[in-house]
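Two complexes are shown next, each including chain A; its partner changes from chain B in the first to chain C in the second.
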Partner chain A sequence: MAINLSSSNLATRENRLGSITGYVGDLHDLASQSRCGSLKGCGRCFSQSSTCLSGCALSQLGGIRDVAVIHHGPSGCSATASSQYVVTNQVAAKRGVVNKSVYIGTDMDENDTIFGSTEALLNIILEVNRRYQPKVIFVSSSCATGIIGEDIDSVVEEAKEQISVPVIAVHCEGFKSRIWATGFDISDHAVLSGIVKPPKEKRNTINFKNFFESARDEIKEMFKHFDLDPIFLYANATIEELEHLSESVATTCICGTLGNYLGNGLEEAYGVPYIRTINPLGIAGFETWLKEIGRVAGKLPQVLAYIEEQRSIYIPQIEEVKKELKGLKAVLGMGPGYTFEVSRVLNELGMEVVWALAWHYDKKYENGEVPPAMSYLLDNDINFEASVADQQNFEVMNILNKYQPDLYLSRHPGSTVWAIKQGIPAVYVADEYMIFGYKHTLEFAHTVLDTVRNRSFEQNLAKRVKLPYTDWWYQQEVGSFLEEAIS
Partner chain B sequence: MAKILDKQRYKCAMSAMQTVQAIDRAIPILHSGPGCAQKLSSSSGSSGYFSPNIYPCTSINEKDVVFGGVKKLESTIRHSLDVIDADLYVVLTGCIPEIVGDNTEEVVEGFKDAKKPVIYASTAGFKGNNYKGHEEVIDSIVDQLLEPSDIRVKNLVNIWADVPYQNEFWHGNFRELERLIEKLGLVPNIIFGYNKGLSNVKKIPAAQFNLLISPWVGLNNMKKMEQKLKIPYLHYPTLPIGAFETSKFLRTVGRYAGVPEEKVEAIIEEQEAYYYYYIERYADLFLETRVMSKQFTVVSDAHYALGITKFLVNDLGLYPAKQFVVDDTPKGNQEAVSSYFKDLNYGIEAEVSFETDGYKIHNEIKAHDYHGYPLILGGYWEKEVAKQTNAHFLNVSWPVNERLIMNSYYVGYDGGLKLIEDIYSVAKTRFN
Partner chain C sequence: MSEVVENPRGGCVLAGINSVLGAIDRVCPIYHAGPGCCMQSTASDQGQSGNKSSCFVSSVSIPSTNMLEREVVFGGTQKLQSTIQGAIDIIDADAYFVLTGCTAGIIGDDIESITDQFKEEGHQVYPIDTPGFAGDSNLGYEVVWNTMINQVVEEPLKKEENLVNLFGIIPYHEPFWSGNLEEISRLLKKLGLKVNTFFTEHQNMEHIRTSSQAALNIILHPWIFKGPARKFEERFAVPSIRYPGLPIGASDTKRFLLMVGEALNLDDRLVNQVIEEEDDYVYHYLAQSIGTLSWKRFAVAADAGTALGITRYLANDYSFTPVLVVITEPIFRQEDKERIIAELTNLEYARPPKVVFASDQYEINKVLMEEEDLSLIIGSSNEEEVSSLKEVQFIVAAFPIKDRLIFNRAYAGYRGSLTLIEDLYDNL
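Then we have the complex of A and B:
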């Protein structure tokens, strides 16, 4: 589906990629149904809270250096302002830069839902500009403004006449998609349509979509071998860097879910190649990914030499720790950009995935293909039971109770504690680089090993707490509340 | 009308899900979009018996916006009763159902014979902030769950104070208030925190009186209970921190509850002796820290701004610069709240500004001459202005970041000592 940069709005993942949030089965079935187009997602007649797409969209944009995010809605919508501020400051301090971005709410009240508040919003935009002179102003809608039909686009147009920096409308009605990753696409769309400029010259940069650039230094060091300079997006990125994204050699990402809209958009609009391999987690992922970058950048010999050198350092160590991981059974619950990648790594490390949950599933990516992580598993004849659930914790607990794995791995705040309350050791794979490349794959393997060989904390807690779910629920099938296909 | 929220200090009414969460085995059921819980819940102290990921949620989508979400709400409540082992289910309505006009009351009415109580509260984000939302939840409990009691249990006192989670010391503060009230020979009844829950909620109507320790939040609840449950209330506006205010608090409550004066005075004498044993030992430090000047500013909700101001003036002998109340105090309460700040030792009156715009607050702090290093107690936002003004900074009010509070507290005699520890742990990071 073509990306339309002339509109401030974009289609949801459900509509663009046929993405689903309800499914129970196994990997082969999920993939074959995706390929033949028969996959239908299910709804639920009972569900638990998940995540709002506005959080994903605006935390991405708010991480860019020296911008303003104005979140037009009641005060709850902008409640993340303070956590955004602390993360922004901490990741900037780690890198030794200053990020003056601000996140502003508008405290919409009941009168505003009746009479509208476009005038107040315009004044707030002008005031924020006066106070902070941001390099770009993003103006976001919310559920409440969406339903009453507040015309954010017109307010933004009016503001543009009075402000010299870009003012960009960002449409974040929380009800429009159950898939919070749609928020990543929304942020990419805002950057592509409002900031990125057509290329003037080619540079040796590579656009690297990630979250908080924790492995920045080592990746920069690595790319020096290939005469490439990574631009990490969006935390700490400057507007000037974003303006020049169209001049890069390629775009890549640490998580396919996070990066696919920007990658496809830059390729479609400006011919910047998007690296569509499996992601650089684990050995096979890292090597496949790096070789493709080498191929695209015309640096394959240098990449192959680097791989050989690094393998000699790390592979023997990884082989050593693998012996102790062999046969461990794992359940994992993550976004699809990680679930199917981490499943592959666990398999590589000799562990057995007994069930994988993906918080959503994209039937086909923009290029019409099944996501590469999925293809890899199928091509290598790896299968396991799988389900799709937007962080439905009761389903996770039901699965953990039935399978009693040695380990649960997840990536979202508030998810690991429930596994340990059932006595199951958990590893929080929060940092996006936790399994990156040889070095972090080795570290990850050791973390898993250290976790399973001291189970004191989870055993102590599990012995003393009562679980919040009824016995009745533990006796049900995991998909009991799935109902008719919705698309 | 919409207004700029620059350095935001509160969340919306829907955040009252945290008030429900603070009641053991009570669970919110959210009739809202999918992400409200994740956004509005605290990341600190949330993985209790229930956590935000357990809250059932109708996760309203575009179709529900057009056709209404009552069917989904009904099925969500029905299944919640089967899946989740709770004592009380509180349906909270968000922005979407309240704008499109879902009849939540009617759906909840359908569960009046359910095996566990199901009630609802109107907490649309646009209806106000989480202080108002907190009051809404308490009102709903009174309206829908409680009936007037024929019996009055002598000395039973319902205690209302901090807004759970919004005031990060809520857990410890309630426990210490409980201990103080017990010292008076009264029987405290608190619904929030460890080992409380629905059984304490049910005791509310039998209490002899309600004790509200808060400048304005909760006053509406007290009036409602007075009217419906015929429970009188004692309004003590100041969170008692340190000896001066805590002794005054014990005298006031003792007098109201009919505790013999000599008993109260004996308790106070013992507690003050204990408190001043420590103050005496560390008084040289307070006097001889080169970097501690006399003037301070608190940026907080009225509850903490008032409690801390009184403590620093009346116990430690500091002098108030301007104080900033950032909880969007209703206009009708502002005059009373201001007056509490004028009742300080030696006729000192603290100037108070009701201001929700952090930019303006920071400009005022920067413009004020503190005659030395300022002492600023506030939200995490004040870390920045403290750096710009060379101030000592302690993060006491929401948002709280870069410090962990589990069960510590600032209330009472020990709470005062803890606040001093925290302030001087900051002051001691520099020599001059």
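Then we have the complex of A and C:
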């Protein structure tokens, strides 16, 4: 890939990574078609709500400390500002820092869609700078500004002449990609092109892309064994930390979908190695990942010693709980950065994955390779039925109804809600560190057991709630509404 | 006109429309919009309304055309047609409403021609051609009712003397909507009335279709529903009364019940008997807990309906001193602002508070910070920070509410006023 940091815009995942959102089959077929280049994603002639890439982009940027996000669009686009404030304040409070970032809507109305509002936007940028004195101002576009052709790049250029802090255009026209994870790339692009500076010296830091740094303390503690200091991104990160990302030993992430663009960008632009292993979930994932970090940082002996010590504590306990998990059947619905990783962990724990849904699928990553989570499953001859759907609740419900699994796992709360209404116990894998390392893998196993052992709420609720779906639909094939392949 | 709005409350008009439709039993919205519009608008109202969301379909289960570049360039009516057909096949709803996002609005897709085809085939599919940029969540409430009046409500076959329609309590945009509707409805039933709340007791499209048979519309809001009320009167001869905001507590609810009694010519003895019973119920409790709460100088930052109700109650019934009221939704008509100011000026027991109209969190925080002598702030989750900076007692009682779970909790009416006092105590 060639990351072009001189442009404020970047290509979508569809265009860069050949990503798709429509497929039904199994893992081996998905992989072999990806490898030989014959995989084409399908559209749907009927669909349910997807998600806007602006949510992924701006929640990432809004979590950075002391910045302003200006969401230039009608009021609905900035509607999640309140949630953003709550999350930002909570994760800041948890760490004991203060984050003064603000989220501004510009409340475009009908007149603005006809006559444009670039002049007003310039004044808004200046006013936001005056009011809050943020360290960086991100200015985002929306579907409405995109369609009427509002040129936010020029407005940003004009603003830059008048104020001293970086002003960065962020292109979030929701209609440009069916893959909301493109938003993660957009936020990384903004950081790479507008904030990160060339390295002056090497540091013993490791860039750690995550969501809310809930396992911050224990990971910092762990990395002390290897004389490394993690910089967690982007929640609570400071602009100064971001400026120095190019000076780190390596970049890693908790979710490949989330970390891919930044990792590759830093490697390409500044030679910071990007850790391209399976992710640190479960036993194999944690060990493979940590060894690679050890190798890159020149700390492999220390890593191996650490692994040995930790194994002796946790592996016996994990082996014990595996006996009780054996044979449980699971369906998953998550982003691809998690689906294929968590499938591997479930397999490792002795559970059976009967169907895995990925909210999208990247045929290859920026380096041209099939995503490592997928390669691992194939190399270990693990196969199961799989589909790709941007949430598409009706497909999830159809699958759950057919397979009646013991458990549904999702990283989206709206998705678990519907499984529970259908009587299927569900685990909402909310915290990105829920299955991290040995300790959390053990805790996760216990969570699964707690979830499947008492099903009183799910069963009683399902008896009383009438679901919206027709009987006809439950008798159809999952892929009935997929259209012919689109390129 | 574009302007700075820090941390805006609620969403665009789609959020309001979606919330209202989501509260009617067995109704399915269909978004003809970008891929994110449904989730954003669900998150903005239902997602910030005390952690409750609509039961039949919501967020990920709502059909959406997820318009992409192809639709922007070539038009999206074909995708809309197959999406409506799919929705009818897959989702067993009584009615489907097509909502339009900014994208569909700007490119000018003719959605009515598509919905007409389905109507001809006998399906209940209704267009709501109001794109997101047309306004905010509050407007969404009026847009839905205008749509209902124009397309759903039938000419009355007969009139029901004791049937009333309740308007002005906006589902989800008002986090206590179901509890408040239940309490108001309980009181009206005691007066011998049948109540269309439309959003509780599994009320559905049939109640909307026959709402023209009602004897009276009761609007519990200081400014919303002016247009729809006029249409109800003109087309179906249903008159309206407006009670400015939520009635909370003995004095306020008495005033409300007397107003209803007068409008419907109800038997005075019955009305007074109900008032006496309810009065006794409330004071029987209040008398058991005197002195548990100290006297407060308070500020309210909330939507007009909630702000008026809480201010009147605490000032007129509970001896607290109102200092500042911030009305947090944009209000465009001068007459509406005047009505709100009049309500806050004519308090029976207290001097009028300072009244500020502000939607921008920066301004809201500023006026609250500047008010020195406060001991209680009642607001939304957005005011939590400024309250903690000021180190004064704070309760979350208005939209948006992020950190409470609210099922049927009510602040309205007689029983609701007791809950409000309980909450004040819990939060000392």
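Keep this in mind: the second predicted complex is superposed on the first by the 487 of 487 C-alpha atoms of A that agree within 3 Å, B and C clash if a C-alpha of one lies under 4 Å from a C-alpha of the other, contacts with A are read in each partner's own complex, and residues count from 1 in each chain.
Convention: a contact is a pair of C-beta atoms (placed from the backbone, for glycine too) under 8 Å apart; a residue touches a chain by one contact, two chains touch by 3 or more.
Here the structure is a predicted model, which means the values were calculated and not measured.
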Clash or fit (per the criteria above) of chain B with chain C on chain A: clash
Touching partner for A:T106 - first (chain B), second (chain C), both, neither: both
Partner chain in contact with A:S117 - chain B first, chain C second, else both or neither: both
Chain B versus chain C as contact partner of A:T51, first or second or both or neither: both
Chain B versus chain C as contact partner of A:K363, first or second or both or neither: neither
On chain A, the residue positions that both chain B and chain C contact, one per complex: 45-55, 72-83, 85-86, 102, 104-113, 117, 120-121, 124, 127-128, 131, 142-144, 147-148, 174-176, 178, 180, 390-391, 393-394, 414-415, 418, 465, 468-470, 472-473, 481
Complex contact set, residues of chain C against chain A: 1-15, 26, 28, 31, 34-45, 47-48, 55-69, 71-72, 79, 82-83, 85-87, 89-93, 101-103, 105-107, 132-136, 362, 381-382, 385, 400, 402-403
Interface residues, chain B side, partner chain A - complex: 1-8, 10-15, 27, 30, 33-40, 43, 46-47, 49-62, 64-65, 72, 75-76, 79-80, 82-86, 94-96, 99-100, 124-129, 356, 359, 379-381, 398-399, 401-402
In the complex, chain A residues that touch chain B: 45-55, 72-83, 85-86, 102, 104-113, 117, 120-121, 124, 127-128, 131, 142-144, 147-148, 174-176, 178, 180, 390-391, 393-394, 413-415, 417-418, 465-470, 472-473, 481
Residue ranges of chain A touching chain C (in the complex, touch as defined): 45-55, 72-83, 85-86, 89, 102-113, 117, 120-121, 124, 127-128, 131, 142-144, 147-148, 174-178, 180, 390-391, 393-394, 412, 414-415, 418, 465, 468-470, 472-473, 481
